[in-house]
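In what follows, a single structure is set out as structure tokens and then discussed.
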Amino acid sequence: MKRKIRMGMVGGGRGAFIGAIHRMAAALDGQIELVCGAFSSDPDRSKASGADLFLPPERCYGDYEEMILAEANLPADKKMDLVSIVTPNHMHFGPAMVALESGFHVICDKPLCTTLDAARQLQSKVRSSGLVFAVTHAYTGYPMVKQARMMIANGELGKIRRIVVEYPQGWLSTALEQTDQKQASWRTDPAKSGAAGAMGDIGTHAENLAEYVTGLYIDEICADLHSHIPGRLLDDDGSVLLRMNNGARGVLYASQISAGEENNLRIRVYGEKGSIDWSQMEPNSLIVRWLDKSMEVIRTGVGNLYPQTQKHTRVPAGHPEGYLEAFANIYRNVVYTIQARIEGLDVDPDLDFPTVDDGVRGMEFIDAVVRSGKQDEVKWFKMSSQ
Amino acid sequence: MKRKIRMGMVGGGRGAFIGAIHRMAAALDGQIELVCGAFSSDPDRSKASGADLFLPPERCYGDYEEMILAEANLPADKKMDLVSIVTPNHMHFGPAMVALESGFHVICDKPLCTTLDAARQLQSKVRSSGLVFAVTHAYTGYPMVKQARMMIANGELGKIRRIVVEYPQGWLSTALEQTDQKQASWRTDPAKSGAAGAMGDIGTHAENLAEYVTGLYIDEICADLHSHIPGRLLDDDGSVLLRMNNGARGVLYASQISAGEENNLRIRVYGEKGSIDWSQMEPNSLIVRWLDKSMEVIRTGVGNLYPQTQKHTRVPAGHPEGYLEAFANIYRNVVYTIQARIEGLDVDPDLDFPTVDDGVRGMEFIDAVVRSGKQDEVKWFKMSSQ
Amino acid sequence: MKRKIRMGMVGGGRGAFIGAIHRMAAALDGQIELVCGAFSSDPDRSKASGADLFLPPERCYGDYEEMILAEANLPADKKMDLVSIVTPNHMHFGPAMVALESGFHVICDKPLCTTLDAARQLQSKVRSSGLVFAVTHAYTGYPMVKQARMMIANGELGKIRRIVVEYPQGWLSTALEQTDQKQASWRTDPAKSGAAGAMGDIGTHAENLAEYVTGLYIDEICADLHSHIPGRLLDDDGSVLLRMNNGARGVLYASQISAGEENNLRIRVYGEKGSIDWSQMEPNSLIVRWLDKSMEVIRTGVGNLYPQTQKHTRVPAGHPEGYLEAFANIYRNVVYTIQARIEGLDVDPDLDFPTVDDGVRGMEFIDAVVRSGKQDEVKWFKMSSQ
Amino acid sequence: MKRKIRMGMVGGGRGAFIGAIHRMAAALDGQIELVCGAFSSDPDRSKASGADLFLPPERCYGDYEEMILAEANLPADKKMDLVSIVTPNHMHFGPAMVALESGFHVICDKPLCTTLDAARQLQSKVRSSGLVFAVTHAYTGYPMVKQARMMIANGELGKIRRIVVEYPQGWLSTALEQTDQKQASWRTDPAKSGAAGAMGDIGTHAENLAEYVTGLYIDEICADLHSHIPGRLLDDDGSVLLRMNNGARGVLYASQISAGEENNLRIRVYGEKGSIDWSQMEPNSLIVRWLDKSMEVIRTGVGNLYPQTQKHTRVPAGHPEGYLEAFANIYRNVVYTIQARIEGLDVDPDLDFPTVDDGVRGMEFIDAVVRSGKQDEVKWFKMSSQ
């Protein structure tokens, strides 16, 4: 019989940011029960954080190893099924690997980890374990992203020729990491964030979205990365020329010094017959421009939606759905998959989510972008002087 | 100590629409546990619906009276605290009154009931009982609605002169109630919906939003109601001239035959110094037009937000929040209020929600609009003939 | 052989506003030559104004009667063909009537004059004279207004049920007429403006647009007019309930105290099958919402445009056309009509323009709105007290 | 005394496209009289085209050399002052050089010519002649482009860090040049268009706009150009990484295979304190996003506009101005400059226009982009394989 899935969380204690997002996403559909957590490396703080969430103290652990070990030894009808990892990047690999080794499914924040090697180890472990492993590239959970993907997969736009994907933010326009701002400080620290700054934090979202929506792969890149803040060690701004495996061309950029921008992820994909245009900040509309007929704005209200689109919307047309609903779609699809396994049922293939393979792909992107962005001599052409 | 609030639900069984919305809104913040329900007047269906929600059969009741009686007799640490009523309009009064009589807090869908008299009985009962009673005019839960309200309350726009509030929908453009569409059939049936159709269903949202945002009261109205579908007994389209208690003028309209419209609730309020413009379909932006400086677009990302606004947003700027989050703000504020009472703490006055008084106000609006809309002789002036 | 049309102007001297608009509109297509003017009632100022426009002093007249008399006596290959009247409202009737009596075609600013009686005299004179007489309801010159009209005329939306037309401005939010602002002072002066303020100045545009786009007539109105500024004699804000000759309902409003609004004319028309939505401030897009398929945005670039639309656009898709181009369409269509008469050719019926009949219709609207807006006792229903 | 400026035109006969745009732009303000033309290389066609424009046959010439020679010999009060060149690219250099040699001012369509060498010859000739020479990068004529430029020049955004400028079109998505479409055929022909396709035709507009708005210069570029249509000889799609002379980074792209796009030129410029965002398709709004306060939308209606902005707007706020008005600003500023010279007056420095230097700059851009776009080996980094 179908039952709620029991979840433990690594990270996400008091004062954390993304942990609360994960918990709301997990709670929305009533399919998940948060049963335990290693919310902080400080055991007291972990217990206090758990108490805020109405958890009993004995299931608020001091670190992830303790949690996973203890939960693995609980009775089958009590122990967690799934670990949600919401720590900074450098703290993804450890809990993910131990969770897999102990037979737990995993939902891990992005990017997958801090090196491509580590990512591939996780990929290998996931494959051999047969466990469910999701990476929260949450933007792919939006209904209109599903719609765009299906339109392209079904050839509605014809062969894809051009992709423009951009993710500007402005929040690192100042040297915020030199204050005590926690989010800024780990994200600009190579030891915690990995080889890339903006390109890792949000460039990978752009890369993931582009490949997910088009069904294509980035084949070659040429990048220019820069840090505009004195003393900042990682890129805060970068632009990338793209060549896709089918010959399509394009541009990807990610910037955290685009002053005044919020989280303005946008993708445009141009095919032979038409194009799609989707913006995260107005996610409930999908603009479709055609070569030979009027522009359309697809919404969940009317018209020919793909089942994949309809299965990822919860409210009537005109009632906007947002980021938490998209994020919840990742959680829900993971949980439906786990529930189906428990019940021995088939999984609905429309209920997909980003997997460890997407996570590895993101690490490959970071690796290539950083290598490209560091070489300077040959690719640049001077404009003639004034 | 703070604890989760236990909720029972009346209505919202399999196939229902608004019940699922209420449950997601209640679940989002992890403060509410759904413990029981009378999901359907068919006991088997109620149990099956409860099983979908992982409830034990013994707390899935066949009707609301059974539920309230049984829950009232459970031990204090087990019985529900709060009843959520998500049935059609004619089924609000009964469970609301019995719940209040049995000492349970209530969250009731809108409009409050089907007659002004019944509404006043509930108001009176709420006052004498001291219990919490919320009506889900959920649009007032949006952060930018709070911002607009605070700006006006603080005199940023000066004296208010004009209000334009509109709620067009298109879903009743055809005789949908003559098919077996459940939502259409009860909403167009005077026995279930009350004296008004569109004006009751969505006009009251417009009325509530206008009074909430401006802090003013509608003093006089002049209405024209119409039904465009042969055989439809209630208005599906209506326009209302407004005169507010401070002398401001305005227009309110609600229509369900505005073909192609989704849920396009919008309010514009004009004061001496500037105006606000808010649309439910892009709820994360508040447009402010000034008499003597550039137009502003207020978002949760930057700038001077009122604490009331900030307390009703959950995600970083640029990550859209939608209808479920607004709806969840109503639930969360109700629950925080109940929790504070349990703990003997003060309630944060910023965490408001629509009360039984708003519900009564909606019924007064329906009453006046229907009376005005029915008289035809005197108010109309012929244009001279062609 | 086709030749340029020679135009004289009444009003529009130095410091005037609408005169320059008319001149640019007349100049754009190179079909009109401005040959003379009575630009001001002060002969010196008239001559100075004419000199700015490179006119010889002998054709810069001191008043309209002098101009019309003198021009009537010039040789046929020299005298003006057409008089453009760009004075305040109370100065329309005189020059229009004298011009018609002297055999000149007329283009007159709106509203047609200051009383319905005078309007009908002009209408009668136009009919008996056979001359061309245009009223510059310039908004009907926009290509997308033509498109909307043709879509409705061809039944694309089905029977029309609802109209919402609005024209908010904010420029009279303060007592501007108590400064020396020329535009404000005559527009708020009943002796110069006529019986209505905002309703005459811009409400007639809304009325004209609604009837033009839908092909329907307003049958009955119920209005509420108000002046928000102490001492202002004419309405600066008003709302009107509409009943159309086919049973459609609607709302029209015009306001000049809607602080922060520019010239935000917008019309929405709802039929059985879909609706159109057009805004003057983004005039190159026509939003079409359908009952059963995705929303479309019609632009001049692609898709099935009516010939009427295509004949009123001058630039490639995506290059915005604005108010002057719409205004120029009125001038151009008038001139094409006059040229065709001169050459004995048929006039292209797609090249229409607002005529004296539209002008009379506007005066009827003002008359009815003012009568309705003045009666107060019977139509209003009190909301029950708080 | 101020007089109208007399203009001759090279190109722009029947069936041409951009010639009509130039004529409307020249006509709008009533400062220019079209007196002659070499509208076509076919003398009969030239005369017929001139007749359409009400020109006498004797001033409709069979070629530009004939025209310039004949006009140069006319009396001073009759001959043209200014030559407008509206031919395809390869026909710019000849008439421009001969006009300059004969003492005529020139307005030339863009790009300046087909080679950088030729461009520099023209530049040199302009400098030695002292004549006025404008290149119609018309987008810089928009009022909000002026506003953006002035805001940046005055440091309102702080140091500029990032530029994103894009110009997608879709009209060459098919092999239109293989039909008899005149615009497509010359634009895709290296002999007529020059070394670049989309980059020359519209990429130069993007380059010009970026440098004009920011006051910066592109220092280095790295480009990827492509042609998506088999058999097409010039680029129809390209992306360019930018490094500016102050260290700012950015992206420029121009595409004519972006199916469904009209003329969607857009520029975003990010500084330390905020950013501007302007789109040609909604040119009357300038979006300004700030690091620490609400987003603003600057319009001509209210607020602190620079005089440069105000001097380039013609109509009241909310009445949209479009492409022709922007184009007319170029013509008007050229003419005001010529008139001032004739009258011996100072020229208002706010009334600027793109000069031959801008034209040369565009040719340098084409040169560098084509050179960069052709080298492939070194700059690209492979993504690791799937």
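Going by the order they are written in, the chains are A, B, C and D; count residues from 1 in each one.
Here, a contact is a pair of C-beta atoms (placed from the backbone, for glycine too) under 8 Å apart; a residue touches a chain by one contact, two chains touch by 3 or more.
Please read all numbers here as calculations on a predicted model, not as lab measurements.
Asks: Have a look at where chain A meets chain D and say same if over half of the interface residue numbers show up on both copies, different if under half do.
Replies: same
Asks: Once you count every C-beta pair in contact for both, which comes out on top, C-D or B-C?
Replies: If we tally the C-beta pairs in contact for C-D and B-C, the bigger total goes to B-C.
Asks: I'd like the Å distance between the centres of chain C and chain D, where a centre is the mean of that chain's Cα atoms.
Replies: Chain centres of chain C and chain D, defined by C-alpha means, are spaced 34 Å apart.
Asks: Find the geometric centre of each of chain B and chain C from their Cα atoms only, then give the gap between the two centres in Å, rounded to an integer.
Replies: About 42 Å, centre to centre.
Asks: Residues of chain A that contact two or more other chains, please.
Replies: 260-261, 288, 290-291, 295, 299, 302
Asks: Under the touch definition given earlier, write down the residues of chain C that touch chain D in their complex.
Replies: 3-4, 17, 20-21, 23-24, 27-30, 34, 53-54, 169, 260-264, 280-284, 299, 301-302, 314-325
Asks: Can you name the residues of chain C that touch chain A in the complex?
Replies: Checking each residue of chain C against chain A gives 288, 290-299, 302-304.
Asks: How about chain D: which of its residues touch chain A in the complex?
Replies: 116, 157, 161-162, 164, 166, 168, 170, 173-174, 217-224, 226, 228, 237, 239, 241, 243, 249-251, 253, 255, 257-261, 268, 270-275, 288-291, 295, 364-365, 367-368, 371-372, 378-384, 386
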